[in-house]
C-alpha cells in the first residue's frame, strides 16, 4: 500500500532506508517563486543530528542535503523538489547479528508479518533515520510559513519525571542544550537523569510540545480533515509517539464545562479568547490563538540490558543489543515534530484558499 | 476544501446538518456479497440515541436509517451505499437566539472565520448529530470485520474523576447502563456525579476506550499511514476529543525502556507478546495483540451558566444557553469511537491485500 | 474499490442505481456563499430527460432534484451538498427477463466477473441514469464557473455520418432541437437518419463537442494532472464514450509541425494565438484560447434485432431486447459532457490558487 | 498543486527537469518480494534513448538508472523504491537563447502564466526527458504484470500518412527498427518520409497503439475509475498526445449498434467475444479480451523553419530554433505508452483484490 505521502496540496513523499544508499523526499505542490537553497534546509537537519553529549548517540551522521530538482536560479519553479541525503557512514556490520531476531519494541516482527521479508540493517525503513526526509521537507514548509507570518516552534517538555517549568521558559536554550528543553534547570536535571539511565544500560521516555503562532482564524476543516485530526495523524506518525494532545488534552477530561470553555473577548477590534484551553482549534478550525500540540514518546526500545524475545525460526532467545543508541528519543525528535506540524498547517492554509466564493472571485478578477 | 471523506479503499463521505432535511453517508468500496439491511445498522444508531436518563439529553431523536442504494436482494453489490437518516424532530426555533452570538467552546466563530457564514441551527454541520453518518457507516464496517474475525468494542473509561476498575470489568453493562461504563459501581458513582453537575447547570468531561481483538499481525503501514497514526486522526476527528492514546499512551513517557518493551514469546507455535504496553501496534503495523485506543473528551461546551462572549457585530455580550443538552458527551460518543476505529482497521486490512507479491500471484492464480 | 469520486478540491461522489430508490451526489468542497437552489440545477437535469421525439426513448423520467444539505438561507455553507433524485417511474418488471443473460455491448458480464453478482434491473449502476448525479453536480460547477467568467457549452457534432457544418453554427438550436445539434440542417438530416435506424430496430453512434470560453491562461498542471489528461479521464468515464480528442485531436497526427504549431501574437496587449490547433492547452496548462474537447460515442448497445450471446449458466442463447431505448446516446449525453468538463475545469481553477508564493502572500495579507 | 503522482495502490511520483541534476521516480506500494535490480529497468530506458538514425535526435543520452531505496538483497521490501537517472550530458548553453521567447507548440508561455517563472533549459519539466521517470516505473510494473500473466506491448501505428498493415504485423521489428513499427514495409516508407521532413526542417505526427493480453475479466471500476477512463488520462498525460481511443474508438461513432456490439460466445467453457470492437473493456471493466489503446501524437513542435511568436516582454518576434530535435515523437514514446498502460492496469488489478466479500474472507482465512 502506498503510505509514504503526506499532504494534499503541499504533498511530500519520502523514501529511503537506514542503511540504503540515500534517503530523501519529493515535495510536490510547493508554490513557485520561493527562494530556496540547501542552506535553508541544512540547519533543520543539523538539529536532528546526533551530538557528542551524553543524551544522544555518538554515531557520526553527516546529513548533507542536496536539491536535485524543482529550483532554478535559486527559486522554486512549482515542479517537484527532490531533496536527497546520502548515507555515507552506515556500516552494515554493526547490525548483522540482528538479522533474524525480533527486537522488543521494534518493528522487526511486524515488518516480517506484513511483507514476508525486511531490510534488517539498522531497522531499514523503520529506523529513526527516516525522519531525515520529514525534516528536510519541514524546513521548506517552515520557510513558506514564515513568509505568511506563521511560526512553529517545538521543544522538549519532559524527560522521564522531569518536566519544564513554564515560568523558566527560555527560548534560547531550546537549540543550545542537549535536551532541547526551554528551561535550563530542567535541562540540567534531565541530563543527570539520562546519564544514570545510560549507565544502567536503560533508556527513558519523554514528551515534547509544538506551539504555532501567527496562524489566522479559519484554517482547517469541520469533519475528517479537522486541523487537530490531521495534526494528530501527523504527530502519531512519528515513530515512538504513543499519545497526542491538543491544547489541554487529557486534562480537559477532568474539567467542568465552566472551567474548560474559553470565553471570547474583543481586543483591538478582533475576536480573541480569554484563555486557550482548546489549544487554538474549535470544531477542527483554527481560532486565531496559538496552537498547542503535545506528543508523548516511549523510551528508546534499543536498550543494553538482556531481553527475552524470539527469532524468525520461532525459537525463544535472549537478546543482547550492542552498538550506539540514544538513551532517549525526544531531543532529536523535536525538530521532527516541528516539521510535521508545519507541513500540516501549511497544507491546510493552501487548501483554505478556495473556501469562499468571494475568494475565488477576487482571485480570478471578475 | 473537500474534507468529508474518510478511508481509501473503504471510503465514506458524510453529509448533513443538525437541522437540515437529512443526514447521511455514502460508503464507497464496500465489497460485494455482504448481506446487509437496515436491521444491521439501526442498533448502532440506537446506541448513540439520547435516552431519558439523567446523563443524556431528553430530546427525542428517532434516527431511522434508510438504505437508498448499493444493495440488491439483501446483498451489497459493490456499488456505493447511500445511508440516510431524516431529521424529523428538529425545531429550528429552539436555537434562533444563537444566530449571531459565538458560543464559547463551540465552532460558531471559526465557521464564520472560514466560510463567512454558517448554518446556526443546532450547530449545523458542527453538531454532534453529524456522527449519525459515521455510526451508520461504522455499523457496516463492523459487520464486515466480524466476518473476518475482528471485533471492535468501545466503552466509557472515565467520567470526571471516576474511572473504571478493570477488575470489575463487565461486558454486559456497556450497553445497558446510561454511562456505557463496563463497571457497575463506577457507573453508579458517575451517575451521581453527573446529576450534581447537571443540577449546577454545568457539564463534565471524560474518556473512552476501544479494544480491537482478532486482528492479525501485519496490518498497517510503516510511515504516514501507520495504523496508529490513522487511528489518531480518526479519533481526533470526533468532535470534542482533545487527546488520543495508543496502548499505554502518556504513561510510556514516564517509563524506562526495560519497563516499556514488550517481550516476545512463542505460544502455541505463534509469536506473542508477554505484555502489551504498545497497544497492539509496532512501527505502525499490528502485532497480533489487541489494539487499545483511548480518547479524552472535553466537557459539553453548552452549559446553562451565564458566559462571557462576543457576537458577530464585535460586541461583548453575556450568553445564557437554553434548551436540552447532555451534561457529558462520552456515553453517546462510545459508539462513534467504535465506528471510527472499525472504519480505520477495515480500510487497512483491505489495503494490506497487495502487500506481497505472493498474495498477488495467489489471487490471480498464476 | 472506491471509484465513485471525482475531483480533488471540488469533489463529487455519486451513488444510485437505475431501479433503486434514488440517485444522487455529494458535492464536497463547494465554496461557501454561492446562491443555490433547486432551480439552478433542475434545467440541467431537464436537458438530459428523454423527450417524445423520435430520437429519444419515450419513457417518462421526471427527475426532480432535491437539496438535502449544504445550503442555508439559499446559500452554500461550504459543507457537503447532497443532491437527490428519487426514482419514481421505474418498473422492475420491464427488465426481469434480462436477469441471467449478458447483453452484448453492456456491462452485465463484466459486473458479474468483478463482483460475483449484479443488480440487473435496468442495468443497475451501469445504466445511463447514473449520469443524473453527474449533471446535478455539473450544474453547480457551471454556476460557479459563470461567476468566474468561464462558460462550458456542449453540443452534438455528428450522428452517424452526418456532421455539423460550422458555417451554419446556431447556438439556439442546441437546446431546442431533438439532436442538440447547433446546425438546423444537420439536425433535420440526422432526425431522418435516426428514424430509419429505429425502424430497423437498430441504433447509431455519434460524436459531441464541448467548448470552454473565458478560461484564463495558466490553469492545469504539467504532468499527470494535465488539464487535457483530466479532461480525457472525465470524458472517457461517461458510459459509451470510446475516444477523446483535444483540439484537432487525431488530425494532428497527420500534420507537419509547420502546419500544427499555433503562432503566438500580441493582441490588445495580451499574448494570443493565431490559430488554435492545440485546443487551448499547451503542456497540460490552459493557454487562454478556448478549450475544445470532443467525445466519440458508440451506438446504443440495446437494439431490437436478435443477438447471439450467453447466459450466466454458460449457455449460448439468442437474445431479443424489448422495452424502450434511445436509438442514439449522444443528444442526451451532451449535458453530461458539459458537466464533466465543467467539473474538471473548476477543480483545476481551485487548485491553481496556490501555485505561486505571491498568491499565498497576497491571500494571507503579509 | 500536487500533480506529479499517478496511481492509488501502486503509486508513482516523478521529479526532475531536462537540465537539472537528475530525474527520477518514487514507486510507493510496490509489493514486497519482487526480484528487482537495475538490469530489469535499464532495457526499458534504452528503448526511449535517442539513436543515431534519421528519425531520432542525435543527442547522446546515457540514461543509467540507479536504485537508491526499496530493495534488499535483490528483492523489493514493500517500502518506496527510488529510481534515479543522472543528467550527465545536458549542456545548458544550447538553449540559452530561448530563455525569453515562447516557442510555438511548447509549454513556455503556459508555464510562465501559471508559475510566473520557468526553468527554460531544454524545456525544464515540460521536456520529453520527463518520461524517463515514467519508463523506469513502467519497467517495474511490467515485471510484476508478467508474473501475473499480463503483457503490455506498444508499437508505432502510423507516421504521417503511413499506417501499418496488420497483415504484415511482425513483433520482432518493433524493437529493431528505428520507427518501432511492427511492419517492415511501413517502416521503410516512414523512414523515407521522415528523411524528407527533416531535410525540409519540418516535423511530422503519428500514432501508436498498446495491446494488453492476459488480463482477466473483472478488472476496473464502473464510474470515474473506469479502466478506460484511467487509461485515457494516463495516455493523454504523455506530452504531445492529442487523442486517445479505446478499441475501435472514433470508428464506433460511425457504426450501427448491430455492427458494433460484440457477441458473447462460450469457448473452452469460458465466456469470450466473437469480435472485439470494444477493445476489451465494457462498462469500465475488463472483459477478458485484449485491451486496445491508441494515442495520436502531434508533430514535434521544435522545427527548424522560422516561426512567428512573442517574447516575455510582449513583443512579436521571429524565432529560429537550433539544436537537435527528433523529427517525430512517436518512436521514442512507444515505450512511454507501454509504461503508462502497464501502471494503470497493475493499479487496477491491485485495487480489485477487495471487490468481493469472498476474496476478503479467503485472504484472512476465516
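Letters A, B, C and D mark the chains as written, and numbering starts fresh at 1 in each.
The rule is short, and it goes like this: a contact is a pair of C-beta atoms (placed from the backbone, for glycine too) under 8 Å apart; a residue touches a chain by one contact, two chains touch by 3 or more.
Model, not experiment: these values are computed from the prediction.
K.L.:
Copies chain B and chain C touch; is their interface built from the same residue numbers (over half shared) or different ones?
P.N.:
Both copies, chain B as well as chain C, present the same residues to each other, with over half of the numbers appearing on both sides.
K.L.:
Of all the other chains, whose mean CA position lies farthest from chain A?
P.N.:
Measuring from the centre of chain A, the most distant chain centre belongs to C.
K.L.:
What is the distance, in whole Å, between the centres of chain A and chain C, each centre taken as the mean of its C-alpha atoms?
P.N.:
Each chain reduced to its C-alpha mean, chain A and chain C end up 44 Å apart.
K.L.:
Cα centroid separation between chain A and chain D, in whole Å?
P.N.:
Distance between chain centres: 38 Å.
K.L.:
How many angstrom between the C-alpha centroids of chain D and chain C?
P.N.:
26
K.L.:
Going by the contact rule already set, what residues in chain D reach two or more other chains?
P.N.:
1, 3-5, 8-10, 14, 29, 32-33, 78-79, 114-116, 125, 216, 222, 351, 354-356, 358
K.L.:
Which stretch or stretches of chain B touch chain A in the complex?
P.N.:
It comes out as residues 1, 3-6, 14, 102, 104-107, 109-111, 113-116, 125-126, 130, 158, 160-161, 197, 202-207, 216-226, 228-237, 239, 242-250, 252-266, 269, 271, 274, 277-279, 281-288, 296-303, 305, 307-310, 314-316, 351-352, 354-356, 358.
K.L.:
Applying the document's contact rule, which stretches of chain A touch chain D when the two form their complex?
P.N.:
1-5, 7-11, 13-17, 20-24, 26, 28-29, 32-33, 66, 68-70, 72, 75, 77-82, 84, 114-119, 121, 124-125
K.L.:
Taking the complex as given, what residues does chain B use to touch chain D?
P.N.:
Result: residues 8-10, 29, 31-34, 76, 78-79, 144, 147-149, 216, 222, 349-351, 353-361, 363-364, 366 of chain B touch chain D.
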